[in-house]
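Each of the next two complexes has subunit A plus one other chain: subunit B in the first, subunit C in the second.
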Partner chain A sequence: MNILVLVVLFFVISAGTAVVGLLTTWIDRKVTARVQYRLGPPWFQPFADVVKLLGKETIVPHAASKAAFLISPLIGLAGVSLVSFIIWLAIFDPTGSGFIGDLIVVIYLLILPALAMIFGGLASANPLASVGASREMKLALAYELPFILMIVVVLIKSGGTLSLGGLISAQQSGGVYVASISGLLALVVAILCTQAKLGQVPFDAAEAETELTGGILIEYSGTPLAVFKLTRAMLYLTVPMFTVVLLCGGIGSGWGIPLGILKYVGLLVAVVLIRNTNPRLRIEHAVKFFWGHVTAIAIIAVALAVLGNRLGIGWL
Partner chain B sequence: MSDRRIIPIGPYHPLQEEPELFRLEVDGETVVDLDVEVGWNHRGIEKLCETKTYDQVPFVVERICGICSTSHPLAYVQAVEDAGNIEVPERALYIRTLVAELERLHSHLLWVGLAGHFLGYNTVWMWSWKYREPILDICETVTGNRNHYAMMKVGGVRRDILPEHVDYILSRLPEIEKFADLIKGAVLDDPVLHARLKGVGVMTADDIHDYGAVGPTSRASGVPGDVRRDDPYAAYGLVDWDVICVPQGDVFAKAVVRVLEMYETIKIIKGCLEKMPAGEIDSKPKVVAPGEGIGRHEAPRGEVFHYVRSDGTNRPIRHKIRAPTYVNLPTYKTSVIGESITDATIILAAIDPCYCCTERMAVYKHKGDPNEPIMTGSDLVRLSQEKTARLRKEFGL
Partner chain C sequence: MSLKIKALTKSPWVYHLCAGGSCNNCDIEILDCLTPRFDVERFGVTLIGSVRHADALLVSGIVTKKTAPLVKQIWEQAPKPCLVVAIGGCACSQGMFKDCYTANPVPLDELIPVHAYVPGCPPKPETMIAGIVKLLGSLTK
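And then the complex of A and B:
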């Protein structure tokens, strides 16, 4: 593809992800409100929030490291924009686009928003923010291990395809990976890691408004805060979509499009349900949970996938 | 390497709705010391009461706290009745008990909700506050107000409970019982809540005795102190109920005590409605004889104590209030230190603190000469001028 077309596509897809992501956070807020016997906000509330924040004054704390404080929101946004660009290109055009190894790039880029939050929190020179940053760091270390193992399951099932487009085409012709025991276990792992990557209850210890009053974000205001919110909203769309690509065969065409949207909505519902039926976990409990239970599930899934491959049993 | 920092909770913090300041000294995430500062919202209620007549004071003490809005008046009228040896008709005693227990019910539900919020479990918060509504509806029907019931009066109560009120209360109580069952099942059996709350902020029976803690805080540590049973007043000695007491002493035990107490409270309400005799509701006393008296009431948070001295005029010449949080607050020294910041917040909330009840005038000690004021009026003016000058320079005005 022409480089100019790619650049235009990049901006179109990023903007689209931002808009749909903000809408998704509205769905999250609305469903949460209905579960809690509240009315909930109107659909444009997330947009109004971001627009309002963009117009507010940006305050940089005296003791903060100014450059790091202001650049880190942009790093997070850049990371999530690139990820969404790669994933959406693969979804729209599984065969024609992408490159071998874009899966690896996505794994690396997906950690950028968390890293940006950590840098931002540490740069803001606030004790609450640094406590939040250290928690985010521990959480990232905790969930990355089962997350990678989940991807290993996919790799075993696909026979080592490292391109997202290849994974989608393989699943559309040969059946989705989630329709097997190891795939199902991998989906459970993926949902739990999604919850942590999105920083939602029970894994929101880094922000914990009733303990740390916002934690990492405490010193942020105005445009940088809006950028962080936007990043979070884009992750809301991108991370579950990544799972759809890895395990559920992407979106496809024709009747696949409403079905693909349903797959995404199903993952979103899981996230919203988990967040509304659990209290916040202590950070050491979260680490123990990811390195213990979730990693165990992921390892079982890997073992089953290997076994299934060796014996040629599809449903394992 | 030690990494000690001060984490402030307050004076304005989303954790608690009232102004108060906790300075948590933390090493990493572990709290190693803590300093509690109240006195941000001192209103001089005791002094104010000395300027009001005996019948006006209940309206003042009712407004000490919106949640204990019948505990303070009840303790106060009992203190005045004690000082003046005033008789109270039996029907009034039952009505007092009824209103006090309705208040306990909504206060415990309020705490369950807030505890959920502090744990990031906002669904519990919203649900328990929704199911608090039937109780507030009952209160509104019976007393005319959702809070601030204005029922207590020296010598009796202000409003009678009519037969249709009795039917209404009995028709709404099952909703609350149903929700109490739901909470008992969903909250007390939740494995994640067990992981968060069990073994957190443990206080032993010895700690409770050392600090003189009261109410659910003490009953959760195996010390079954309850004024309603130990020193019966109103109709508490006349109806059938049990004191709930569990031995563990952690935050989870405090939740258990509060949830199980809701069942006892419903039992007391039903007993009152059943046994309430007909007759007068007010002995209409005209004078309060000189003397002094005390009134105690087991408020939802523990024993509230009022002392009143009368000189035979129509106003108290001294009125002293001690709210339960005043004695429960120092227990933080044993329960919070050594825990992590995450747990500290829920431990702070576990005694169900009520700072507006506890507010005292705060005295700051001068480091040098104790007779010198810390800051005079002219010092404050100078500070303000310096700040203006600094801001002008900063913004180039």
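And then the complex of A and C:
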């Protein structure tokens, strides 16, 4: 593919991810409302929110570091756009596109939105935002360990394939990795890490509305806030999709497409239901949870995967 | 009507500003609007924590001498375009605290611009929703 086609594809895929991601946040809000016996917002609500924020005044606090404050939302958006580009290319064309090691690139880029939030929060010179940023930092440290271990499980099962396209085609021909004990445990770990990566309720201490009044985002208004909201919406589509690629064999083609969409919707419903049935964890509890229970599950999954590989048992 | 105003009427995020000397009953009634019975999220209204995200300030209670500069400062911190709604008798007209020794000599609507008044002691959630609908309707005209 020449470079021009890639650039056009990048913009089309990013815009598509943004639109679908915003619709996904609507599904989240609507399901939340129905769980609470409310009617919930209309379908265009996230779009109206973003358009409205684009039309509002952008205020930069007097004490803030101006460049860092305004650039950090763009860093997050760039990170999540690149991730969605790589993942969607691998899903649409598992054999032809991608490069060896794009899995590693995705792992690195997926941390960018969290880093951008930390950067922006610290740049805004607000004490509550600083508290939020420090919590986000601890949370990132906490969930990255089990997240990497989950990916190690996938790598053991795939025999060291480091490209997303390779993982998808291996699963489409040889059965999905989640159809085994270690794969199932890895899926549990992946869902919990998704919850934390999206900043959803048990792990939303970084922007706790009731104690930190928005935390990291407290000083953001207008366009930068809209960019942060858009980044969050795109993560809503991208992070569960990454799990679908790693463990559930991607979307597929032909009759596989509805099934593939169903896999994504299943993960999303799990995330929304966890969010609606749990209280917010204090940050030290969240760290303890990820480094304790979740890492233990991930290590058991790694051990089972190694055992299954050595003994040649598929279901382990 | 511009897209900017149209989008604002479809997703007004409200910031709850208790001006100080109030019995908190208006504040409780504001929270009632978010309950399943009234559910103002149907209209895109969300209660947010930071004034930087606000599209409308819901001011309740009497402005006292102590809080008057703070109310003014919060209005200045809100990104424009921003609306101000005076909720309840105290915020609308100083109510029963008019001659109180702690009351600010200047009422709320002379301190900052007020776009809508929702009278009542406290106003019922239905009244507040009617006020919001009338205010948003006046914007789109």
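Observations on the model:
Keep this in mind: the second predicted complex is superposed on the first by the 316 of 316 C-alpha atoms of A that agree within 3 Å, B and C clash if a C-alpha of one lies under 4 Å from a C-alpha of the other, contacts with A are read in each partner's own complex, and residues count from 1 in each chain.
Basically, a residue touches a chain if its C-beta (ideal position, glycine included) is under 8 Å from a C-beta of that chain, and two chains touch if they have at least 3 such contacts.
Being a predicted model, the structure only gives us computed values, none of them experimental.
Within the superposed three-chain model, A:T213 lies in touch with subunit B and with subunit C [touch as defined at top]. Contacts of A:T58 after superposition on the shared chain: subunit C is touched, whereas subunit B is not.
By the document's definition of touching, of the two partners only subunit B reaches A:T277; subunit C does not. Using the contact criterion defined above for the overlaid structures, shared-chain residue A:Q36 touches subunit B and also reaches subunit C. In the overlay built on the shared chain, the residue A:E144 is in contact with neither subunit B nor subunit C.
By the touch criterion defined above, A:D204 lies against subunit B but remains apart from subunit C after alignment on the C-alpha atoms of chain A.
When both complexes are overlaid on chain A, the residue A:D49 reaches subunit C alone and has no touch with subunit B.
Under the contact criterion defined above, the residues of subunit A that touch both subunit B in one complex and subunit C in the other are 36-38, 209-210, 212-213. Listed in rising order, the residues of subunit C touching subunit A in the complex are 3-4, 7-8, 10-11, 13, 36, 39, 41-42, 44, 48-50, 52-53, 55, 77, 79-81.
Residue ranges of subunit A in contact with subunit B, taken from their complex: 32, 35-38, 127-128, 131, 134, 201-202, 204-205, 208-213, 276-285.
Interface of subunit A with subunit C (complex): residues 29, 33, 36-42, 44-45, 48-49, 51-52, 55-59, 209-210, 212-214, 217-222, 225. In the complex of the two chains, the subunit B residues touching subunit A come out as 5-7, 13-15, 26, 29, 116-127, 130, 190, 192-193, 195-196, 340-345.
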